[in-house]
Every structure is written in C-alpha cells, then in structure tokens.
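Here it is: the structure, laid out below.
Chains: A, B and C, in written order; residue numbering restarts at 1 for each.
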Amino acid sequence: MRAIEPWVEGPLKTFMTESAARVCLIMTGAGQVVAQHGFTRSVDVMTAASLGAGIVASTRELATEIRAGSFGAVVHQGSRLGVYLAPFELPAAPWIGLVVFGPDTSLGMVQLFFGRMVDELVRAAPRDEPHRDVLPETFEDELNASLRTLFGR
Amino acid sequence: MTDDISGMTSQLAHDPTSLVFLPLADALRRRGQLEPALAVAIRGVHRYPEIADGHDLLARIHADRGDGDAAFDAWTSVLRLTPDHLGAHKGLAFLAFRAGDLGRSAKHLSRALELAPEDASLAAAVERIRTMIATRAGGAEPAADTPRRSGPVPIPPTATTETTPTLLLDAQGRVLRGRIDRTDGLDASDAVAAALAGVSREAERAANLLGLGHWRAIAMEAGPFNYEIRTPTAETLLLVARGREVPAGRLARIADRAVDQARRWLEELG
Amino acid sequence: MISREQAVLDEVTRIGGVRSALLVSSDDGLVVVESALEDQATEAAAAFAARLGGRLATLTSALRAPPMSVLLLQATAGQLFVVVGGPGLLLVAVTSNEVNIGEVRLALLAAAGQLN
C-alpha cells in the first residue's frame, strides 16, 4: 500500500480486506493519486486515475445537461473484471475511489464496504488544515511529490 | 443501578479501552443483568482477546444465560491462552457434568484439584463424580489414577442404522477426521474441506454485520441432500450430510450429537 | 400501485419475526426489491446472502451434487434465510430466532414459485 496521507491507510486496508477487491485507487477530484492498494502492478496507476477522474467529471456534466441532479457511482462490469468508480465528499475536498474487482467478490460487497470506507475516511480526515489551493506554480511540484511517494523515487 | 456499577459504567464510557469492563460485566452478571453483562464482556474480549480472564467471564455469562455451546467455546479459548486456568477447568467440568459426560467432568475436576489442592469442595466433587462413574460401571471401584488412553478416542458411530457422512476440518481447510464422498462415490474430503475453509469467516462476518450475533449453524438443502455445517470449536468446522429422506429437524439433532463427539475427540487430541 | 415482486415480499414480512425480505441479484449481491423494517441493513443482507450462496456453491460443486436451493444461517441473535428465486435471483429473509422456521421456509419457496 502507498498513501500520501497516513490517515487513509487504515480505512483503505480494511476496505480491501473486507471487499476482496483487487485494486483500489483513491484520488483527488483532479485525478492525483492519494493512495493505492492491491495488485497495482497490473494497472498503469496514473493513467487509470486520470481516466477515472475524467469519467467522473463527464458523468457530472451529463447529469447537469439532462438536469438529473447528480449521479452516484459508475459501474462497468466485464466478463472477468469490474470497475466501480465513485466520487465522495471529504471535509476539505471531493475525492474519488476507483475499485477493480474480480469474480471472487461482487458489486454488492464492493459497494457495501466502499460506503463504510468513506464513512471512516470522513471521520479520520483532518478538519483544521487550511484549504490549499493548487496554484499553477505549485501544481508541478505537487505532482512530482505524488510520483516520488508512490513510486519511491 | 448501584454506585459501583454506575461508577464503572461512567469509567468505561469515558475510556472504552479501560479494563474496568471485567469487574463491570461481572457485577452486572451477579445482579442478573445478563444482557448488558454480555454486551460489555463481548466488547472487552474483542478489544483484549489475549486476556484469559475476559474469556472466562464471557463463559460464565453464557453459562448463566443457558448457552452451553457458547460457554464451552469461551472456556476452551481460556485454556488455549492459559492451560492451567482454574476457572476454565471448573467451568468445563460443570458443562460436561450437565451434559452427562462424567468422564470428561472428572478429568477437568481432577485438573482443577491439582491446581487448587486446598479446595475441599473440589475434592468432594471429584470423589462424588468418581463414585457416580463407578456406580454406572456396575459397582466396580474407580482406580485411584484413571489410566490415560494411548490415543485419541474415535468418533463413535451415531445411533442411526446408516453411516452418516461426516467431515471434521480445521479453519485452514485441512481434514481432521471423517470422510465424505462425491455422488459418484469418489472421496471428496479434501476438496470439500478446502471449499468450506473460509465459510466460517464469511458466516461470522455476515452474522456480525447483520446484527445477528455469532453464527452457530448453517443448514442447506441441495437437490436430494441436506447438509448441516457446525463449528465445534473456534478453529474447526463440521459437515454432516444426509439424503432428504432424513427430515431437516432430525439432521439438526444428528449434527448436535456429532458436535459433542467431535469436541470430545478434539479434547483428547490435546 | 406496488409491483408484483413487492407484493410477494410484503406477504413474507407479514410473518411474525421476519425483519426483512429481499429479492437479490445473485451475481451482483444487489437488492432488486425489498420489504424491510426501518433499521434493517438490507444492502449488507443482499451482499452477504449472495456471497454465502457463492461460497457454498463450491461445496456442492466439489461433491458433484445439485446446487443449493435453500440456505439457513443460524446465529445467536437471528437468522438469515436464502432461497433460490429463479435464474440469477435469490429470495432473502432476515429474522429473529423466535420465528417459525418451517413457516418462513415455505413462504420463501412459495414466493419463489410466484416470481418464476
């Protein structure tokens, strides 16, 4: 497991154990990976995170366009693997979870324990940190910091 | 609520990690408030699974509630942590006596007496049990030292005229005893044991998350067969299978007896 | 106007001691239709019913025996009934321990028959 924020580790680990999912990425709304766990070598993490954030953003726009309010999770079920993609709100900012799961579990289990993980993350998330605006001049630094943490460079 | 219980309850509420759960649960038990006592003890044991006295207290509460199976599990857990726990040996002796198993009761009472030789009531209980055993055996004098068996006692056949396919396995999916065949007659014991490993954990998770307590049994109907899955101890599973001509209620009773037999066998195994 | 599935489940929850009755997708473990008391964790019941059914399917597969049709998980404070309701569907009921097991079993089997 790799996590930039240490308070994410416990809930993420519990989620993976209980749901038997294969991969879970937790990312900011902009697609920056905050934590990852599972068989992540089978996934291009950065690309998957970007694509996931893009899907969530597109879905949000679609909901606005058709005046549907908001949509929740997006699920794609293939013959071997499934993907569960869900935005959720933390006190400081919106995040996104991307879960890859196989036939040894089910969407119901993933959904059930994802909800519980979100509840734990909301409880564990620090509240007194000032909101950090990602300014253009610091964006590159933050991305590089993410890469160094996640890939050990 | 007495001042003591009130004070201990406040202390536990203020600090859920406090070991005050032990005297609090015991005080509630002594007042006959078994449900709150059970709730306090279960939470405490989950937090401190390595404290033998927690399991001992939980066993006493289960016994007071009339749940002998749960009391047995808890006292067995005590002995796993502390093989010479006096309370656990006394408790298991009591359960065995109540189940009519005088031999096992005598074994636990004897060990308890070794641990507390000054306890006159224990000495008297051991003597009484031995007399009862001798009476049942037709008047023969009990030996001063009961000879130990050379090996584990085999699971005796059930009272039915047909063989009851029964499989005892450990939590890691390995066969401990028994056999079960596929419908084509080939031995399926290893495959079934592997398939069942993890069922106990899933059943416990399901029961826990659905607010159903701890799981005790699974009954399953599948085509021409009925199955019962039980957990004789925390680390073992028992599968009993019969054809549908045996009613489900009867199969449940057969499984109850098989659980008792399995527990005795496991105790002998050590 | 309630659906046929809802009406069938409502009949099951009329039995004393039944806390919830669900129609569940066995592949996904998701609730399709439910009839439940307010505080019931129906999402969890659906997920675990499907999960247990799947686990026990490996048992019957190992025995080369027909698949499960009825499952009853008995616990210290309640019970979980699972009945195969048709292709890809399960009928699930969560009950207290005081319930008439035979009555609930028959009700779920009857419900499965009505939905098929």
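The definition used in the following text is that a residue touches a chain if its C-beta (ideal position, glycine included) is under 8 Å from a C-beta of that chain, and two chains touch if they have at least 3 such contacts.
Predicted model, so just to flag it, every value in this text is computed and none were measured.
Student: Sort the chain contact graph into one of these: line, ring, star, complete or other.
Tutor: line
Student: Between what two chains do the most C-beta pairs come into contact?
Tutor: So the chains sharing the most C-beta contacts are B-C.
Student: Suppose chain centres are the mean of their C-alpha atoms. Which chain sits farthest from chain C?
Tutor: Comparing chain centres, A lies farthest from chain C.
Student: Can you check how far apart chain A and chain C are, centre to centre, with Cα atoms defining each centre and the answer in Å?
Tutor: Taking the mean C-alpha position of each chain, the two centres sit 33 Å apart.
Student: So, what's the distance in Å between the C-alpha centres of chain B and chain A?
Tutor: Their C-alpha centroids are separated by 44 Å.
Student: Centroid of chain B to centroid of chain C, CA atoms only: how many Å?
Tutor: 29
Student: If I count partner chains per residue in chain C, which residues reach a count of at least 2?
Tutor: 44, 48, 51 - these are the residues of chain C that touch more than one other chain.
Student: For chain A, write out the residues touching at least two other chains, lowest number first.
Tutor: Where chain A is concerned, no single residue meets two or more other chains.
Student: Name the residues of chain B that each touch 2 or more other chains.
Tutor: Residues 205 of chain B touch two or more partner chains.
Student: What does chain C use to touch chain A in their complex?
Tutor: 24-25, 27-30, 43-44, 46-48, 50-51, 54
Student: Any idea which chain B residues touch chain C in the complex?
Tutor: 67, 70, 180, 182-184, 188, 191-192, 194-196, 198-199, 202-203, 205-207, 209-225, 227, 239, 241
Student: Considering the complex alone, what residue numbers of chain A touch chain C?
Tutor: Residues of chain A touching chain C: 77, 105-109, 111-112, 115.
Student: Quick check: in the complex, which residue numbers of chain C touch chain B?
Tutor: Going through chain C, the ones touching chain B are 41, 44-45, 48-49, 51-52, 55-56, 58-80, 94.
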